[in-house]
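Multiple structures are listed underneath, in structure tokens.
Okay, so chain A shows up in both of these, paired with chain B first and chain C after.
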Partner chain A sequence: MLNARIRSRIFQVAAGIAAVSPLLVLLFVAGVLVMDAWPAFKFQGFSFFTGITWNMGNMYASNPIVHNGVEGAPGATFGILPFIVGTIGSSLIAMMIAVPISLLSAFALVYKIPPRYARWISSAVELLAGIPSVVFGLWGMVVLAPIVANQIGPWLTHFGKVLPFLAGPVGSGFGLLTSGIVLAVMVIPIITATSRDLIAQVPKLPIEGAQALGMTTFESIRHITFPMVRRGVIGAIILGWGRALGETMAVLMVSGNATNYLPTNLYSPISTMASTVAALLDGALTDFSKLSIHALALIAVTLLVITMITNLLARLLVQLGRRDVGTEA
Partner chain B sequence: MTNDTVALDDSVHLTESELLELEAVLTGGIHLKKTAESAKETVIRVENLSAYFGHKQVLQNLQLEIKDQEITALIGPSGCGKTTFLRTLNRMSHTVPGFRHEGVVSVLGRDVSEVRDVESFRRAVGMLFQRPNPFPMSIIDNLTLALKLFGVSKKERIEIAKDKLNEVGLYEDLKDRLHQSPFALSGGQQQRLCLARALAVQPKVLLLDEPASALDPKSTKLLEDLFVRLAEHMTIVIVTHNLAQAKRIAKRTAFMEAGEIVEFELTDKLFYHPQDPRTRVYVEEQIG
Partner chain C sequence: MNNFKKVSLMTISTLIGASALGASVSIVPAFAKSHVAHRSASVVKLQETGSTLLFPLFQLWVPAYKKVAPSVQITPSGTGSGTGIQQASDGTVQIGASDAYMSAAQLQTTPGILNIPLAISAQQVMYHIPGVSKKVHLKLTGNILAQIYTGKIRYWNDPQIAKLNKGVKLPHNAIVPIHRQDASGDTFLFTQFLTDTNANWSQTVQYGTSVSWPSVPGALGAQGNQGVVQTAVNTPNSVAYVGISWLDQGLQHGLGEAMLQNKAGKFLLPNNNTIKSAAGAMIGKTPKDERISLIYAPGKNSYPIINYEYAIVNQKQANPATANAVKKLLDWAISPSGGNKAVFMQKVHFLPLPASIQPLSKAQINKIHG
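Our next item is the complex of A and B:
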């Protein structure tokens, strides 16, 4: 039998290790990735981020070209701007669809829907969050893409005169809009469930106070509940956005896998960074110069950095929002 | 306003002997008051009120008339339905899923079951809750938010806010921190802020749900004095567990038990000459 002092000591050490492990894992992953990506950056330079041509070169040749001291397959050039645009574009479309729907359903679940129905809807939401992404991808391919191509797309083109980005041609249905919608469906349960839990924690008393003053439900949500959960809700949105930025399989199945091509309208085929890494990894492994693998690692680093930047930006927004308590006079 | 009321407003500064004198004058005036009494309007009229949460009956056949410019207290053991009754008066009970009521509840001449514009109705019937519930915004915004939503101009609503803070005796303390959070205030100050907030929309009836239950004796006293002063021009209904409080401030008191009004009388009569044995038992037990 261990005495209490030793047990406490073991607990402290274990807790300490557990507490720093996320940071260590992050540093380790980032470190390995950066090291792996470095040759590609040396080879391509900053045009890696601004170029639109991605070509892994003739990987079966035996006469490597040397550029900036790094060996690559003949004809190799790596530009990932289309993937960056595809990733950010599809995730932004997803957020534009998902955020309002998620927040409305979260507020409705807490305030408007009778508890016995809300329970059922809540478990459905949680179930939705647990569906494997490949299932969403399949649904996107089989069901959604034709609808986008034949119904949603043609209807949206009517607004093309106001927003040229919405003008046709609509194309096959595989592309930016479909990716955005699939991502939205995947992100909605995350934002809904998280914000619902936050909203449910808001004390009832101030809301009753607002109602007793003659404010409508909307007014009390807008002025009382929302300010109390704003920070948390932004956190929930970031969580969802992170998921949308990094989603791989579902997007790969509906994006149209465009390379060397920047989207010209809402229906253009795209590729995202995550789906490109997955799609090209197999081919890259056959590159005798190994440079293609380094280039994919650099895509991964870029994705990591973009995710971190969005996180920091959102945190900054929260900070700014906190200063604006909204006092008058 | 008569000279009497002015004297009462300033009574804070009176010495004890002066107070006794004043009391003598007032008791002398009881004759006069009697005649004024019958002229007082009935503001809340309750007939055969029964209420249910789902299948559970929580109020049984209540009969009650509450008059203007009076404080009426509702006392009784926990779970006797007094808070439900109070919250029926401004339709707050109706926000609970499964709540329904039978009978007539008329407040300010409006039948609560027929109120369609709940928002403007609730503006006329203010409420103060068991615990202070300031909004998560600055002190001044707590007071002006509702006015802003009702379309009162900025200049006007800030004037009203300051006026009401003054009325509850907070203005001097808070005038330099109107833009700070109300959560740093003491519980008593927060509750007075909430009272000022309720008063800002000019209600004619004030419902108080154990408003001092979370406060210290000094804050309680301050609030009670305020209620007494407010009752000069409005109707106040207070739910309280504190029988001494009912005795101190309420003109009439209703004793409720198990969803029924057992006895509704002038406060003194209810406490010192209860007619119903249940009332007697409760009052004696509570006072000890």
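Our next item is the complex of A and C:
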């Protein structure tokens, strides 16, 4: 038998390693990615983020070009603005659909639906979160895309006079709107389940007090529950947004994989950063100059940075919000 | 309240997972290598991956070859020619399948890789135009297709298309060109055809397994031949290039098949005769390493898009047993009484390897060693 002191020591060390491991993994991944991406940045410079042409170059030529000291296939030029726009655009549409639905269903699950039904609905929501993304992709491709092309899209074009971005042509159903809807369906369970758990933790007493004072359910949620869970809910939304930004397979199957052009309306084909990395990896691996692989790594770095920025922005928002309210415990 | 902190930490790690794709470039092949070529007792396991055009044939071959060599286990998969070339080069798989031969520059970075033709295949252009009868075969030229894929021809009733197809009522609908998003031998064949038939294309886009597609609003990308067929079926007014082993699939789902103009100016569908005629005109030029384009063959009856289907194999295999198994499999595959038998070829509309090319492929197979 080990004595208690040694056991406690082992526990401390193990817990310490486990605690710092996320940070180490983050540093390791970021470090490897940045090193891998550096030649592409040297080759392309800042036009990498503003260019709209992605060209891995002629891989059947045998005369590599050298630009800024980096070798590439002839014709190689890397601009990822369409991928950035596609990633942010599709995830924002997803959040616009998912956030209201998720929050309403989370409040309903805790306050309105009788517990014996709520239990069933809750497990359905959790089950939804566990479905592999390729299944959502297949559903989006086979079922949703034709519906968007034939029903949802044509209906939305009626609002085109007010919001030109909604005007046609609707096209094939593969594109921004379909990607946004598929992402929303994938994100709803995450936001719903997390916020439901938060809302369930709100003490009953203040709510009962509010109702005793004659507040309606909406008023008590608005004035009692929501201020108490706001920060957590924003965290849940950011978690969902992160999923939407990084989702690969499902988007790959429904985005239409637009190359070299920016979306002109809500129905345009797009590409996202994550789906582009997945789709172009095999082609990049056959690039004799290896520059295309570095360029894909640079996309990954960009995605990482964008995610961190959204995270920091959200933290900032929360802090500003706290200063304004000032009444939260 | 540190719920938020927890949540945001989870967010970061989730996203790193997604972004780590880039980093896994170097990790995945190394990991896969360790357990692939492994053999237990006398069973030899062979992995094949690559071309989705060759994949249906491999699926026919595997059960048949099981009877020839019960101790060899073959796992085929259709992932795209780019993956086939890559994974055969780095040793992840024993056999890579590709509709495209490797470039000289690629071969320099991976010496010892063989490009061995197994059969002759073709590619057709398919379309989905509402209102055009399935019995009609639209006539198209490489020049017109190049203009469609560069966005110069935008509508199906364009005068250039209408002129060739008198009597067909073409709608004034915007054309949706579909291309392969993954690195693909089909893209290689199609872009070679466009390079040979359109001067602008030959100077700008050129050819490869993965090219930078000109910006055409609404143009779509799809994964694999199955993805292309599915996308074309879903998308009215689309046009796509599809490997011939997927022809039946496309026709069953109501896609139209175009007649393409050959070098002599005639419009032809791909079939045994027109593919054979094109092969006859080109294969005489096949060099020892068998890397040659068969696109746009001369001859009145030659279909313009045909090619060798390649097995991409490393001369040096992990061990003698694996090398032997690969050699035997490839020998069987190209043999007229084995994998090149008519029962297999007809199902995927391929042509067997011509007798004059057999010795060249055999000589390459003999270079494989453990």
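Please note the rule applied: the second predicted complex is superposed on the first by the 325 of 329 C-alpha atoms of A that agree within 3 Å, B and C clash if a C-alpha of one lies under 4 Å from a C-alpha of the other, contacts with A are read in each partner's own complex, and residues count from 1 in each chain.
Quick note on the criterion: a contact is a pair of C-beta atoms (placed from the backbone, for glycine too) under 8 Å apart; a residue touches a chain by one contact, two chains touch by 3 or more.
Note that this is a predicted model, so its numbers are computed, not measured.
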Sticking to the clash and touch definitions up top, decide whether chain B and chain C on chain A clash or fit.
fit
For the superposed three-chain arrangement, provide the angle chain B-chain A-chain C between C-alpha centres, rounded in steps of 10 degrees.
150
Which partner does A:Ser268 reach: the first (chain B), the second (chain C), both, or neither?
second
Would you check which partner chain A:Leu27 touches, where first means chain B only, second means chain C only, and both and neither mean what they say?
neither
Should A:Ile147 be classified as contacting the first partner (chain B), the second (chain C), both, or neither?
neither
In the overlaid three-chain picture, which partner chain does A:Ala37 touch, first (chain B) or second (chain C), both, or neither?
second
Per the contact definition in the header, classify A:Ile299: touching chain B only (first), chain C only (second), both, or neither.
second
Which chain, chain B or chain C, ends up touching more residues of chain A in the combined arrangement?
C
Between chain B and chain C, whom does A:Glu219 touch in the aligned arrangement: first, second, both, or neither?
first
Touching A:Leu316, do we find chain B (first), chain C (second), both, or neither?
neither
So if I take every C-alpha atom in chain B and every one in chain C after superposing, what is the smallest distance between them in Å?
14
Mind listing the chain A positions that touch chain C in their complex?
22, 25-26, 29, 32-33, 36-37, 52-56, 58-62, 64, 75, 141-142, 145-146, 149, 169, 171-174, 194, 198, 231-232, 234-236, 238-239, 241-243, 245-248, 252-253, 256-261, 264, 268-269, 271, 274, 277-286, 288, 293, 296-297, 299-301, 303-304, 307-308, 311, 314-315, 318
Residues of chain A that touch chain B when the two form their complex
114-115, 203, 205-206, 208-216, 219, 223-224, 227-228, 325-329
Using the touch rule from the top, collect the residues of chain C that touch chain A in their complex.
1, 3-4, 6-23, 25, 79-80, 82-83, 85-86, 103-106, 108-109, 174, 176, 179, 181-183, 206-223, 230-231, 234-236, 238
Okay, in this complex, where on chain B does chain A touch?
90, 92, 95, 97, 118-123, 126-127, 129, 131, 133-138, 140-141, 144-146, 148-150, 154, 158, 179, 181, 194, 197-198, 201
